[in-house]
Amino acid sequence: MTAEQKPASDYMLELGAITKSYGGNTILHGVSLRVARGEVCSIIGPSGAGKSTLLRCINLIEQPDSGNMLMDGHYFDLSQKLGKSDLMALRRKCGMVFQSFNLFPHMTVLQNITFPQRHVLGKDEDSARESALALLDRVGLKNKADSHPGQLSGGQQQRVAIARALALEPQLMLFDEPTSALDPELAHEVLEVMRELAESGMTMVVVTHAMNFARTVGSHLVVMADGAILEEGVPEEIMSNPSKERTRQFLSVVEH
Amino acid sequence: MTAEQKPASDYMLELGAITKSYGGNTILHGVSLRVARGEVCSIIGPSGAGKSTLLRCINLIEQPDSGNMLMDGHYFDLSQKLGKSDLMALRRKCGMVFQSFNLFPHMTVLQNITFPQRHVLGKDEDSARESALALLDRVGLKNKADSHPGQLSGGQQQRVAIARALALEPQLMLFDEPTSALDPELAHEVLEVMRELAESGMTMVVVTHAMNFARTVGSHLVVMADGAILEEGVPEEIMSNPSKERTRQFLSVVEH
Amino acid sequence: GGSSSGSSSDSSVTTVASGKLTVGVIDIPPFSSYNGGDPKGIDVEIIKKIAKDNNLTPVWQQATYADAVQSISSGIIDVAIGTIDATAKRKQAVDFSASTYLDGLGIAAKASKNVTTIAGLEKLGSVGTVDGYLWVEDLRTILGGKLKTYPSSVELKADFDAGRLDAAIDAYGVQVPQFKADSSIKVALANEHPDKRVRSTVQAPEAAFPFTKGNDSLGKALNDGIKSMRADGSIKKLITDAGLSEGLAKVADKQYVVPLN
Amino acid sequence: MQTPLLTSWGQYLPPLLSGLVQSVWLAVAAIVIGLPLAFLFCTMVMSKNRLIGALGLVIVEIGRGMPALVILYLVYYGLPRFGISLANVAAAIIALAWNYSCYCSEIIRAGIQSVPRGQLEAGDALGLDSRVTFLRVIVPQGLRSAIPGLLGQSILVFQDTSLAYTIAVPELMKQAYSLGGENYQYLRVFVLTGLVYAAVTLPATWITVWMERRLGKSY
Amino acid sequence: MEPVLVVLRGLPLTLLITIVSFAIGAVLGIPLVLGLRTVVAPVRWLSRLAVDLLRGVPMIVWLFVLKFGLSTPAFRLSSLEAAIFGLGLISAGYLAEIYRGGIQSVPRGQFEASQALGIAGPISFLRIIAPQAARIVSPSIATYLIGLLKNSSIASTIVVSEMVFQAQSYARQNPTIAGILPYAIAGLLYIVLSVPVAMFSRILDERLRKAVI
């Protein structure tokens, strides 16, 4: 057991020098990051910077090579192989939303949400159903409960994916480019749901190219390039006055 | 033969009341449009508006149900089944670039460009190779000539796709959301190539969500919704002062 | 022999390939065996003699039962050999020569079981035989579900060897060499104890050569040859040389066709 | 002189149909036994344990590598040498089921591998137990894309029941040979037999195509 | 030792039937798959029926019907010809279906891109679609080839002396030996022959999965 209960700190998430390589290729060169409770942390940066890899390391879809992590008071030594119970504890605390939605296509929208509730939280059918419907209502899709994901637009699918992640009552939500597969209008409806979520106080880490969202909703902006954090701080400040040339170059392109 | 030679007009493309339906579903309700020579015409509008369908009707990947078209002096009666020679004439005049690149994955970058030159224009190996390399140079990818598309980034692939379409020396280029599958930086490099192309005097019809491109490069903006043109005119004017509520709503979302 | 009718041959017999007798050889020793192109067996010797007497060169083709029969109907071969019995139904599709020898019903069983009669079979658990023999239907009436039928002697014997069958019923002549090396198995000729319920034991089926329907010149040649070999004892000698009982040579005067007409 | 074709077919049909019943039941039994086996072999082949994986591979490759007829002979005539003596129907079912399950195992594996990786990751991210993810998320989707292949293989196992005639199972092909041996009209008998097989396999194929098309559409 | 030699004697014919009928099927499968995909409805239905009949009637029956049903004094197939031709036709049916699957899994965009470039239908099919489809279906084709190798044994029923026929014939001519032995030998030989193809197809499959196409 590498996880121990610690007194709750102000930070929901503290990453210490996380490294990750594939084959001989080092993708993350010791990334450290602190995300405060209730904060919306946006990560931006060029393609291949390692943003997705970092997110996947946080919820341990990929096991980092070294580093440590403190999530909501649980400490993880990432250089050791983590046990099942550690993984379970971590995943109960943290939900994830993918660029390509990854809804289960063979289940209805409702089942997509109740299934993990029942198998992870051990909820019974009725209470899972009840909270699933409440969540669908929250993302504006109560009337689609019995549809299959294939019958929904991309924007609707992504909203279901958010509801599915929320169903496990996570403390932290990770988003990996949740809108970049979507048309502007559909992206907008997803960003609106995320904005409401942020307003409700959820701690969020969001990889995104939606600069407007990062500026207006985000309270913390992280710029990554080449497997490291280039700079971080208050979004408005970095956007108007980046300290690194690489950031300036990237921002000029993203904002056209 | 439904195509006849007419004296060259100021317009590269004139569409007259084009309609198209799938099954019983009418997608285009009589679209008319004129694109002047050397003009960059941007088409914007919400998902499902029929933008892609219109583009596919222009180069006749889909045969419209009715309407007519004058392209670079060739007249096409679109309510009749078009013969092979009409289709060939049309496709020699007009190149197309797709959202998903659609390069031929089993050929090298060079072969992707020389293959249609040799089979459509009947060029010999050497001259095809020479002009292909010149085009690759133009899109900044001469050094990737012998790579396979799978080895390139999305932005590089799309630039090759542009070179491939240019290889047939078209009078008109059609782009269907050429950057929406790309990360901002990669999108930027493709938009740069398109900007240069426009500056060289190519007539272009571009379906896009890149408002900055439509504003700065485009000389003509078309807003589509529900299978019809909502409004059209000078980009800056429409963007700053749309005449239709639907346009206003769409613009507010696209520009965040 | 007779007057010459073929232009390119000096045989009076019409055959598929003139001057040649194309023979389908079914592997069923000791009656016939392809033997890599140099066929051996009782039927082979009879055919060789007839071919020689009629100025025909025998051409041997390896055959299976179904393939041989259909090849005769389709005019691919002239005649098939391999202890085949004549029946009225079969005569609608092919013609049969005069009978060559008796096809006795053999019963092979553990010597300890001492089964030598049809009645003895009824006490056993399971009995196998080969499809196509004339006794199959009669046996089925008596034995019902206890009777299993196999595509050829090979499968029958394999199953008997595997111990699933208490008795194997096959042509007596086939069983004698099959089990001659195994003293624990006794092969009995059921015809020595006729049982009315199985006609083949009352009057043994007679083997004959099927040939192309309507080829009368070939029929005559076959009949003449067989009758003369029967008369001069050469068939009997072939049978005894193969180690079989000479009783098999005692073919009745009237040809036996099932059902008897 | 010759009986008219249709009259003789009329006479052949009853025994052929009784053989058909036997064939269908052999095929059904082989499928009912073979499908769970296919899952077992597939999980073995896909297992992370190298030993189990290798064992699975050997079973599957032998099952696919030998003609069904040879498997049948080995099971029926060979096993008694090791003291295992099976009834002919049982041997036929086992041989067909083995052959069938080995092919199906590969079809299922291909189906499972065609499920996008994102599904596995989503299961992980939701904290689902990896067994739950595999059984409830990956397998149902993989099976769906495997269904046309499995149906096709089931049609083939029905045709392969014809091999059971060599071990004296009175199925359709065996009835055909018996009829042919009785009246020497093999060609007529076989043409009718082919039609009887087709009467089952053609509709079955069309159902497969129809299912494929339905499954091709989204959920 | 002798049974091994006898079965080995059938090996050349087994290989000949397998290879030639596979080649016939691979070629005839092309017009069939074009028929399956044509817009001309009657041609499409006929192709469908042909493919389904070829696949739906057991090989044993096809071979018998080909050898004897087509037989007239003027035109006659020898056993070997009937076996090769019959298995070739049946393979065409199976391969046409495999081809169809491959063509369907080439992304639509590839058809549209060649159309937009004005590349003529036949060239686009041969040079753009077919090579991509071929990569997709090559594992299925390898699997089918292994199946065909084994199914060539059905030719024994119309007296083609390939391996199983040799095994059968040996068993029949030597009634005293264990009838099962030659079959076991033949079975082993089939595995020996098919394992390399299976391995090759597995490697090919993995390679193509990873391939930077």
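Letters are used for the chains, namely A, B, C, D and E, taken in the order the chains are written, and counting of residues starts over at 1 for each.
Just so it is clear, a residue touches a chain if its C-beta (ideal position, glycine included) is under 8 Å from a C-beta of that chain, and two chains touch if they have at least 3 such contacts.
By chain, with names taken from UniProt: A, B = ABC-type polar-amino-acid transporter; D = Amino acid ABC transporter permease YckA2; E = Amino acid ABC transporter permease YckA1.
Quick caveat, the model's predicted, so the values are computed rather than measured.
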Original post:
Pick the pair with more C-beta contacts: B-E or D-E?
Top reply: D-E
**OP:** List the centre-to-centre spacing of chain A and chain E in whole Å, with centres computed as mean CA coordinates.
**Re:** 51
**OP:** Mind checking the centre-to-centre distance between chain C and chain E? Centres are C-alpha means, answer in whole Å.
**Re:** 38
Original post:
At what distance in angstrom does the C-alpha mean of chain D lie from that of chain A?
Top reply: 46
**OP:** Would you give the residues of chain C that are in contact with at least 2 other chains, written as numbers and ranges?
**Re:** 66, 70, 73-74, 155, 158, 161
Subject >> Where chain E touches two or more other chains at once, by residue number >> reply: 64, 68, 179-180
Subject >> Of all residues in chain D, the ones touching two or more other chains >> reply: 77, 186-187
**OP:** Spell out all pairs of chains that touch, sorted by label.
**Re:** A-B, A-D, B-E, C-D, C-E, D-E
Subject >> Touching residues on chain E, where the partner in the complex is chain B >> reply: 107, 109-110, 112-113, 115-120, 123, 127-128, 131-132, 135, 211-213
Original post:
Which chain C residues qualify as touching chain D in the complex?
Top reply: 65-66, 69-70, 73-74, 87, 89-90, 92-94, 128, 131-132, 148-151, 155, 158-159, 161-164, 210
Subject >> List of chain D residues in touch with chain C within their complex >> reply: 1-3, 76-77, 80-81, 85, 87-88, 165-168, 174, 177-178, 180-187
Original post:
Mind pulling up the chain D residues that touch chain E in the complex?
Top reply: 61-62, 64-71, 73-74, 77-78, 106, 155, 159, 162, 173, 186-187, 190-191, 193-194, 197-198, 201-202, 204-206
**OP:** Can you check the complex and tell me which residues of chain E touch chain D?
**Re:** 52-53, 55-58, 60-62, 64-65, 68-69, 143, 146, 150-151, 153, 164, 179-180, 183-184, 186-187, 190-191, 194-195, 198
